[in-house]
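Take a look at these structures.
The following pair of complexes shares a single chain, chain A, combined with chain B in the former and chain C in the latter.
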Partner chain A sequence: MKFRRFRAIARKEFIHIFRDPLSLGMAVAIPMLLLVLFGYALTLDVDNVGMIVWDQDETPTSRNFISRFGGSRYFNIRGYAQNYRDVVRALDTRNAMSALVIPRGFEGQIGAEQPASVQLFFDGTDANTATLALGYAEAVASEFSIEVLTRQLKMVDGRHMVLPLDVRPRVWFNAELESKNFIVPGLIAIIMMIISALLTSLTIAREWERGTMEQLISTPVKSSELILGKLLPYFAVGMFDVLLAVLMGEFLFNVPLRGSVVLLFIMAGIFIPGVLALGMLVSILTKSQLMASQMAMVLTFVPAMLLSGFVFPISNMPKVIQFVTYLIPARYYVAIQKGIYLKGIGLRYLAGDAILLVAFGMVIIFLAIIKFKKTLN
Partner chain B sequence: MTAESVKNGKAVVVHNLERRFDGFVAVNRISFEVSAGEVFGFLGPNGAGKSTTIRMLCGILAPSGGQGTVAGLDIWTQAERIKYHIGYMSQKFSLYADLTVEENINFYSGIYRIEPSRKQERKEWVIEMAGLKEHRHSLTGTLSGGWKQRLALGCAILHEPPILFLDEPTSGVDPISRRRFWNLIYELSGKGVTVFVTTHYMDEAEYCDRIGLIYRGELIACSTPETLKKEYMPETVLDMQCDRPQEAMDLIEKLPAVREVALFGKGLHIVTEHSDEATAAIRSRLGAEGYHIEHIDVIVPSLEDVFVSLIETHDRMEKPLEEVKR
Partner chain C sequence: MFERIRHMLVKEFIQILRDPRMRYFIFVPPIIQLFIFGYAATMDVRHIATAVYDLDNSVASRELVGRFVGSGYFDIFEHVDTNERATELMNRSLVRVILRFDAGFQSSLLAGQSAPVQLIVDGTDSNTAGVVLQYGTKIAQQFSKDRFTERLARTLGVTPASPGLTIQTRTWFNENLESRSFYIPGLIAIIVMLTTLTLTSMAVVREKEIGTMEQVMVTPIRPAEFILGKTVPSATIGIIDMIIIAVIAVLWFGIPIRGSYLLLLFATGLYLMTSLGFGLLISTACQTQQQALMITFFFFFPAVLLSGFMFPIQNMPRIVQWITCVNPLRYFMVIIRGIFLKGIGIDILWPQMLALFLIGVATLFLATKRLHKTLA
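On to the complex of A and B.
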């Protein structure tokens, strides 16, 4: 490993990047585009669930009950039905995702202190939303019941009813339970994984395809000088992308950054080299730009999206899949990102993940170096 | 560096060198030596195995069999050390098209770890040699063929290697640039650099101190151009000028003493084993048909004649073998 050769490679690679508007554009535009697309599209918040109502009772009490739904931010009354056909059609055409049917005699039953029944429908094609909406609906209904109960008790013996349990939930780290607050930090991790591997997947293959590699391998250049020399400029590009992403998180998505900014960049700095080397390894093994870029996409995108714990909690996965996630570097980086952004925790808690990232990076860089051969065929 | 390369005075020694690709034999057990300071031409048609040989010698392609040394270093075990002692110019232009002339030179000067004190001097030397003074800041991709090729040569000899491998350096380059390139090769050779050059241009082969003829992976002759012409050509070549040469050719072909006839310029080249007998036969046959013969002379065969003759002899010997195989 000689510094002068390493420097010559790094310098040349910088020139390539800055002189090729396509690769530079790709390096900067793709992460921004992905962040905007996913950041806005990938919201897991459930509110404004469309609801169609068939009020057969048409009394002040039934209207009061309906207004509880209309008044909450989780439901949005889309219209009123006069029969079951209307209800079914609204659910079929996705005009509404839920339906509320209040039978005749609702007010009467409540006035007579008898349990009144109401019917709720949910569109289960989107199970996640349906589950959440169901929870909200139950909360609305039980709140209404308690209110009716207290009023009735007060009327009977004039005393104020006290509930035996007073639950005061408080959500930590993301008090508003806003999904963008945990999606954006994870998303930055996913995007950096994809873009880093994609960037370097072209470099070695391009030299083979253009014939410049044949000249280069006839010189005393070492594999390590070539790999590390090529990594450096892309590392700079990658860190620049992280900076862009963090700025977008701050000013575009208003995601609170509770932890240390310096630590955030240090962690990016230990994550990126390994993924860059992964792209390079693919490039070395395929020797074709097209193949390499496609492979890099598949190798990073799918596992990073599905197995990193970014959207789907790892603890809910089958044991075998959970084991596989340990091999995905994005898993550690997503945890680190969420930790720094939302919990504001420091190196004391993140050291384990950080060490694994460093180990992953060193293994992949080492593999790339030994897999690169200075011979044709 | 030079101490090793002039050991025994041999820059390249190859014995039974072989390379196979999936059952196809690209280089078939060839043996030859190249002395230090020589301009050695490797001559052969496309696909004969020239590039494969040169790549094995440069340490960028593993041989399938045989032995070889370059600069006294073994091509099997010391390939990486060989790379310190050689300059290589591949057949395809292989500098970076999106880098300027200067940037390409700077890159290779870093790769070869030229001393900082000599860096500038070497760079200026290459730019001067390649005639690229006005183009030092031009992107290499925009240069014409002759410039590209001289720049590639310059980058391959930045570190002043004692042995230089050039793989068809002049293919696709205009005649003036070709001549200029050969002047550079002579200049390097004058400084003691061993030059191993492949080509399929016959005239270029004449410029070499020694040439090896390679055909279908086999080295069919290896000597100086003069020796090749004298010794490897058992037949004599007659140069004949007459009227209606095309029609005369048909007549001459049928004569038993004549091996081969070919149009050559305005006249004919006739290959024969017995020149006197053939001359007499041609004179009487053409005379009877009323042709006017200007002259028939025995000439020194060109390398092209030698090469064609050697290939034909080779093919004649191969054919029965092939039939047996079937």
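On to the complex of A and C.
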């Protein structure tokens, strides 16, 4: 490999990129626009779950109970039903996600120290939101229940009794449980994975389709010089994207960056070449822009989103699928991003992920180099 | 006119299917994707890796730990003796929860005082953390309640008549709260759009880039016929893909289709119209395939994330909610989940279908109009 030829290819590629300002602009603007949009829009925080109430009792006690749901930030009372049909309709049309039914005689039972019960219906379509909302509802009910119980005891005994267990939940790394704090670092990883692979996925196929590859073949340039020379300019674009993304995370979204900024960029520096080379490999294998674009989307888009641990925790997946995730570089990078941003951990903990990323990059670059044949047909 | 459309269609089918790799490529990846992602897309939280940091090491603390394990939600990963080890496990993401008892837990429990127990949760993934917190506090509260009634029985000699309030919860449409039933119909919608959108977004721009567009221009073909010729093959592929993966979803993953099959097919037709419309619009607007690919990504990525597939739309800011109104995936997400899980019909789903129809007509119309300039 001669440095001179590598430099010439890199220069040619830089000129290509700058000559198509629209594509260059898109390579920079699209990731940023997406980050802005999603940073604001995406949240997994469950609040304001729509609720419809069918109060058959209509007493001060039942209204007191209902107001505890209305008063919590997790529920939002959308309306009152008069019969069962209203309840069904509200859930069917998605006007409400939950329905609270208080049976007749509720106040009487509470007053008479008999067990009382209320019904709560949930639209389970979105299992995730439903599970969380269900938990909140149970917490509201259990608080009410304990209040009733201690009030009754006071009447019997006259003393105030304490509950035996004092549960102290504490949350580390993301104390307010804000989903933004893990979505933004993960999103940076996902966007970088997809955009990098897309950027390079057409470069070689385009030269074949347009016929300029024949000119390249007639030059003494070697496969390794061509591949690395083509990677360099896109690497610069990718790192620039990361820089902008990190700045946005800091100033726009105020995501806490607890770890080292230098480490953050070093990690980006070992992640990006691998995914760029992945796009390049797709381009080499397909030789057609149509196929390459299909393949690049399939290989990066959904895997990066679903198999990286971005939203769906890898530890919950079946074992076989967990093995598949090891093939997705975004998996390591998402873990690294979350680690540096939220946990503030350093290389001591991240070395394993980093080594696997480097290995991935080397294998893919190597494959791209040997798969590229400087022959016609 | 029919003659021209027929020729155009023959040419398009040949062009797509000529490459034997392409033949596989249109049908195999959607199937593989459904298999892998069908298993991957689950937010059900079970078997949470837990570290126990028990400085009391008493009967009572072990009993509470036993209840955590017995619930099926928590798996004990390790019993730790030092704070450093606990922190290390959390940093390495080997555990998500630390259950910590200080010395004197049992004695304060027996003395009728409030005995503290700490539940430390890794909040990195706020969503899972929220669920873990709920499970944990619920188990602890139940323990507390049991001890409370025991204590009452001991000191007062009575068991309280009223266990207070019980809340009976019942979940509709997805009784076991399995997130797989929720995600798989959505996944079908995404896979179908991915295949058809990338296919059509390249359709026109490729002819421009290779130069064959000029040959098309000298033929007497009209823009509408040209567009029809470009859409029908992709639509056919889309419908076939849809049927294959829907069958897999039902037979392999056991997702029920409670509504009408015919309605599902009809809605898929409307949905494909929008997907092809956007694809062609991108294709007519771009000059190179590279640009088309970038724009496709720029459209598809938000379309997926703002569709309600993973992130509930009602939690988004107002402005973003308005933006989602032009997102066909958003409507189809409601339709496909409604038909699969709720078994609801056109009487409830007609607004979504109407929206799909309008978006489809609008985009196809715009694409035809843009093509006029090139062809005429």
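Definition applied: the second predicted complex is superposed on the first by the 369 of 377 C-alpha atoms of A that agree within 3 Å, B and C clash if a C-alpha of one lies under 4 Å from a C-alpha of the other, contacts with A are read in each partner's own complex, and residues count from 1 in each chain.
Rule of thumb we're sticking to: a contact is a pair of C-beta atoms (placed from the backbone, for glycine too) under 8 Å apart; a residue touches a chain by one contact, two chains touch by 3 or more.
Keep in mind it's a predicted model, so treat the numbers as computed, not measured.
Legend: residue contacts after superposition of the two complexes on their common chain; A:15 is shown touching chain B, with no touch to chain C.
By the touch criterion defined above, A:312 reaches chain C but does not reach chain B. Of the two partner chains, chain C is the only one that A:41 touches; chain B does not reach it.
Within the superposed three-chain model, A:214 lies in touch with chain B and out of touch with chain C [touch as defined at top].
Set against each other, chain B and chain C touch different numbers of residues in chain A, with C touching more. Residue contacts after overlaying the shared chain place A:68 against neither chain B nor chain C. Of the two partner chains, chain C is the only one that A:195 touches; chain B does not reach it.
Residues 20, 210 of chain A touch chain B in one complex and chain C in the other. Residues of chain B touching chain A in their complex: 21, 55, 58-62, 80, 83-84, 86, 88-90, 92-99, 103, 106-113, 152, 155-156. Against chain C, in their complex, chain A makes its touches with residues 20, 22-23, 26-27, 30, 33-34, 37-38, 40-48, 50, 91-94, 110, 113-132, 134-139, 141-142, 144-146, 148-149, 152-153, 156-157, 161-175, 177-179, 181-182, 191, 194-195, 198, 201-202, 206, 209-210, 286, 288-291, 293-298, 301-302, 305-307, 311-313, 315-318, 320-321, 324-325, 335, 338-339, 342-343, 345, 349. Within the complex formed with chain B, the chain A residues making contact are 2, 4-5, 7-9, 11-12, 15-16, 19-20, 210-221, 374-377. Within the complex formed with chain A, the chain C residues making contact are 19, 21-22, 25, 29, 33, 36-37, 39-47, 49, 90-93, 109, 112-131, 133-138, 140-141, 143-144, 147-148, 151-152, 156, 158, 160-179, 181-182, 190-191, 194-195, 198-199, 202, 206, 209-210, 287-298, 300-302, 304-306, 310-312, 314-317, 320, 334, 337, 341-342, 344, 348.
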